[in-house]
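You will see two complexes here that share subunit A, one where it goes with subunit B and one where it goes with subunit C.
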Partner chain A sequence: MRIVVGDPEYCVACRDCAYACAFAHGGGFDRESSRIAVSFSPEDRVCLPLTCMHCAEAWCMEVCPADAISRDLETGAVVIHEERCAGCKMCLLACPLGAVGFDAAAGVARKCDLCDGDPACVRSCTVDVLQYCEPGEMADSRRESLEARLRAVYRKGEGGS
Partner chain B sequence: MEAPPQTVQTLCRMCDDRCGIDVRLEDGRVVDITGNPAHPWNLGRLCVKARAAVDTVNHPDRLLHPLKRHGDDWEEIPLEQALDEIAERLRAIIEKDGARSVSVWKGEAIGFAQQEDLARRFIHAIGSPNYLSNDSMCWVGRFTGYKLVLGAWPNVDIENARCVVMWGANPPHSRPNLTQRITKARRRGATLVVVDPRLSAVARRADLHVAPLPGTDGALALGLFHELVESGSYDRSLVERTTVGFDDLAGYAREFTPDVVERETGIPPATLSEMARLLRAADGRVALYPGNGLEHHENGVDNIRAILSLNALLGSLGKVGGSLFAPPLPLRDLTLYDERPLTELRPLGADRFPVLYEVRRECHTMTALNGILTGAPYPLRAMLLAGANPALTNPNSHRVVEALTKLDLLVVRDLFMTETAALADYVLPAASFLERTEVHTHHEIGVVTLTAGVGRHPEVQTEYEFWRDMAHRLGAAEYFPWEDDRELNRWLLEPTAISLEELEAHPEGVTYSSPPADAEIERFPTPSGKVEFVSKHLAELGYDALPKYRRPAYIETPDPAYPFVLMTGARSLLFGHSRSHNISRFAEEAPAPGLEMHPDDASVLGLADGDTARVTTRIGSVEAPVRVVATNELPRHCLQLTHGWAGVNANALTHDDRFDRISGFPLMKSVEARVEPVGRTG
Partner chain C sequence: MHVVIIGNSAAGLSALDSLRRRDRAATVTVVSSEGARPYSRVLLPYYLRGRIPHAGLFIRPEDHYERLDARTALGEVVERVDAEEHRVVLASGRSIGYDRLLVATGSRPGAPPIEGLAGPGVQGFWTLEDAERLDRDLRPGARVMVLGAGFVALQAAWAAHRRGASVTVVELEGRILPRVLDEEAARLLRAHIERTGVRIATSVCISGVERACGELCCTAAGTDTYEADIVIVATGVLPNDGLLPEAVSAQGPGLEVATTMETVVADVFAAGDVARAPMWGGAVGVLALWPVAIAQGRVAGANLAGAGLEYEGGLSANVTEMFGVTVASAGRFEEVPGEEVVVLRDLPGVEYLKLVLTGGVPVGAVYLGGQQAVRLLGRLGPYIRHGRPLGDPRAFFEERRSTGMVAVTPWFAHRAPDLGSAERTVTCAS
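The block that comes next holds the complex of A and B.
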């Protein structure tokens, strides 16, 4: 299955993705309600886009007493069914990534649902960091970038002139 | 008329990126906008501003009928009556004070492509040379630098570069999808150097962030020039063949030793030498991209000239991954500068800023506004203003409002009752970019795209329709013969190999240029035909031939009453200048700009993040919420306040009386200022 990944090497924390996610799910631009979080630490100059990885063994799903979390058969996304959610917050405790949030107004847990296979965060990432891809593709892409950087380091020029 | 399709492909024009979009319509009403994966500029990716276009076109406050002022009230009048009355009043003014007492002013709120040249055409067609626009404080400063040094503004080939240099530009906020290209280059191993006093979004990922004090970029560029010459790392024979004034500039740059550069800019010698190393290591594949941050200083153009001169030393001109000079799409030119130059009528500002007028036929808005108040050099009595909001975007807002109020006739075309429209005698509803069909070129990738024109309103004219109807009423019908926008587009495209029908069939754009290739440039379009390290032309006009570095006034003559230096105008992701602030879901997220401040300065002043501070310059005073940034996000004694908000208006602080000597650009990014705490909010 495909998931949303973003290589911190390229993220600039513009947070366009967070606006787009908030808008796609609630119609506003309040980034607080976004399902993707982009942290930025100025002193370290590190930008980290993090969202649900839709774990193969999804602890949020296993722990849910209301049976409100299930896997979407088409996209493979681990999805919260708000109408069944009891608001017990066990999934927030269970998630090791901190990817499950809580909508206090609605009294339900919320998390990334991969937008039915067309994630709004990826479509809004004008930096071309976020990708909706197989986990293996992420590794390929990182390796290709590393190779390119190593090429830049070891380049001897075109030669022959 | 057949029903429009449910999804229409066109371009976004919320900023100059002009991304391909899919517009979803229900019963002719725009209901959603998403990225068009088929358009080669953005490849489906789209920033949040594009979604604001849906809210903009459907906004309950959208102007849909012409309004006429009666004292403090507005009367809704039919379009034909409005056009007739405006023409009648223009005729009377022209009869009394001559055509040059009438001006037009182009802005960006309704997007523009042909809009600009239509306004230029109209004003010359009726016999006045006074075309004004936001460009006399944005873009033309860099254009002037390019014209003087290279003769033209090349395509900076970011995607194929080995070293990308963003100098005073922050694409993630200003042109979001340009950032894709930086990432592509970096994925291929390119290094990224960002020169900006602020740790901007793009600087967060830079291999090297170089933070000169505001307005000292020229000293940095000359220091780099010196370092590249000293290390012998340039192609001597190429420089001899393609440049003029090398010995003069190299001799002058010798003064800019690493110690001098550090004293002037605050940049340590190790950073300077690391930047030079990264530039050298790219073997000429250096994409040097100058941004708007360089323009709003009293020494802006000479700083820009010094920066652009580096291209010739680095060998990046005509090189893939450098700066490329591809021929533009040969569209027909709508302007009348050949047929009716009208220079004998003394275009406003052309006497004082001849280069500004000469390179771009741009009058000087600050001179024009001053002229309204003083009557000098001659009376300016009427203005037709399309999609501009100078009451918030020109420097010294208070004086702008005073001047515009004094006009005998102010006509404003816009989507909303803006701060500027509120001063008008007539307000005409304008068609948004979504409602017009225009020819757009993305010169960076050599692609031309026709916009679709969807969701028209009956009394809301396109730019062409308005200027045509006005010209027909003022005896200049011969210059506006096309039946509608579509026929105009057909005429524009005639000299090209691309037909209107082809563009209509390919809303994802049509490629007009061949892929980039290395080519030594035989002749640059400068007076000498070469890269001009020194400009004989500038010398003849009384300026320095060399790009001499002049210290910003806040350094040269410090005033203890104003111990800070204020930058304004850093871009924000959600808003394009003064636009979109009336969209509630945007305003809720960002109700006011923050006054950015170094934590040590905040602590000295006893200010904490979120407190209110009063910032005062020689022009005015504004209260703003303080945003305390991290120690590496802004140098000490520097402030930044983004413009465009009516409540906290940065341009109440900027200068309309101090200019770059060459371009006439106003001082907006190195303004002497002081800060006082006002009190805690909440």
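The block that comes next holds the complex of A and C.
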């Protein structure tokens, strides 16, 4: 299945993804209600976009005592059904990524639902860092780009340009 | 192969799912004394305070057992397990043979030694029936006394308060939530609760209950008396381990299981509140928690199908909201001499966050604050479970602060000075 992944190497932490997510889910432009977040650590010069990984064995889904979390058969997304969620927050405590948030107004947990297969965050990413792809694809594309750069360095070492 | 599962709550349901993921062929029979569709005990307080409807309590479809091709004996009480003959004998006289048996009988409320406690007006808050009865009886103005100050007790108190009852919580120990929060978090939560008008009396030992004219009069060991219309007893639970006395641990109640969830009795497994299982950190004990029951059920179910899984050990983790405050704890949060304690009170949404670290590795934490920031504790889970050093705890959470949706980094901090390190308090909606 495909998930939203981002290459930290090229992310500039513009947070357009977070705004797009908040807007797509009816939250206006309040980034607090976004289901994707960009961790930005200027000391380490790292920008890391992070959202739900839709784990194969999803902790949140397993632990939910309200049977409110299930896997969407179309997209494979792990989805919270608001009408069943009692707001107990066990999923917030269970998620090792901190990818589940809480909608205080509705009193329910919220997380990435992959926008029915067309994630708003990916559409809005200005630098094409976010990809909606198989987790392996990102690794492949990273390897290709690394190879290209290594080749360039090697050519320089050889006296090329 | 015939598998019998006794119990249809967290551990039993999880075991059946796990078993069926691996084995569609085995004959499975689910036996439970509770006759209704599987419901969630965790949700009972949410129902009682009107947060979810009655129908929302049921966590499996009506035809759940048919879908999983399981036979059922619901509403049937198991009288005994004949381990020699490999059969379960029901109170109705029927008996069911098994090749492998899972005992997932859960726990029951303990009855404190109080004279006159049994009788009308006094009840627990543990089963669907309890919740339905309270839903009928809890009227505005009713005087409710809650015995105990654990999760269940305070959830009952909150629900009763929300329904307009006049509530008094009476606890034997010196503070509320003794096994879930540390002193400081308990003190903060108590202040929140008392501000709502709910009375809390700690270090009070109720010695007797008397009934007169439909009114209950509870006498404390001293001279205090408390008058009430309804008494809710929630002083803790005990494992329903009576079916298999030969597997009960010498160390205490509960059916002792190995990491495979097998008891010492051949072909008999146990999981959930009834099991005395390996815990994170090497100890063995009963952790009567929903997520633990799910995890144990998953391992037991897989092993009923012969998968050979091992349970990695339960990590105590609790979260709930009460009186508008979210409280949570994970792991071992009471420090021993030589351990480092870090208390953070100035993170967004956090009123109190305490970490206990041994040599830089977090071993437990307590949280009190807003609803969303409790996920900080979730992020700590892998560090506790795998013994990973955290680095600078403040930096960990500050960095997470930028993941944690508020996204103020030191770089931009001058543009939002109010989110600096000043003490922040949480305004909690009730």
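One rule holds for everything that comes next: the second predicted complex is superposed on the first by the 154 of 161 C-alpha atoms of A that agree within 3 Å, B and C clash if a C-alpha of one lies under 4 Å from a C-alpha of the other, contacts with A are read in each partner's own complex, and residues count from 1 in each chain.
Note that in this section a residue touches a chain if its C-beta (ideal position, glycine included) is under 8 Å from a C-beta of that chain, and two chains touch if they have at least 3 such contacts.
Just so you know, these numbers come straight off a predicted model, no measurement behind them.
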**Message:** Is A:Leu92 touching anything from subunit B or subunit C once the two structures are fitted on A? First, second, both or neither.
**Reply:** second
**Request:** Pick one for A:Arg31: touches subunit B only (first), subunit C only (second), both, or neither.
**Result:** both
**Message:** Taking the superposition on A as described, I'd like to know which of subunit B and subunit C A:Asp67 touches: first, second, both or neither.
**Reply:** second
**Asked** Once the shared chain is lined up, is A:Pro42 touching subunit B (first), subunit C (second), both, or neither of them?
**Response** both
**Asked** Of the partners subunit B and subunit C, which touch A:Val12 in the superposed model: first, second, both, neither?
**Response** first
**Asked** Given the touch rule stated above, what does A:Val100 touch, subunit B (first), subunit C (second), both, or neither?
**Response** second
**Complete:** After superposition on chain A, the subunit A residues reached by both subunit B and subunit C are 15, 31, 40, 42-43
**Request:** Report the residues of subunit C in contact with subunit A in the complex, numbered from low to high.
**Result:** 10, 14, 40-43, 46, 51-52, 56, 59-60, 290-291, 294-295, 298, 317, 319-321, 326, 328, 330, 370-372, 374-379, 381-382, 399-400, 402-407, 409-411, 429
**Fill in**
In the complex, subunit B touches subunit A at residues 34-35, 42, 44-48, 51, 162, 172-173, 176-177, 179-180, 182-184, 186-191, 199, 201-202, 204-205, 209, 281, 283, 573-574, 585-586, 588-589, 629-633
**Item:** List of subunit A residues in touch with subunit B within their complex
**Value:** 9-16, 19-20, 23, 27-31, 40, 42-43, 45, 47, 123-129, 141, 144-145, 148-152, 157-158
**Message:** Quick check: in the complex, which residue numbers of subunit A touch subunit C?
**Reply:** 15, 18, 31-34, 37-43, 48, 50, 62-63, 65-67, 84, 86-90, 92-98, 100-102, 104, 107
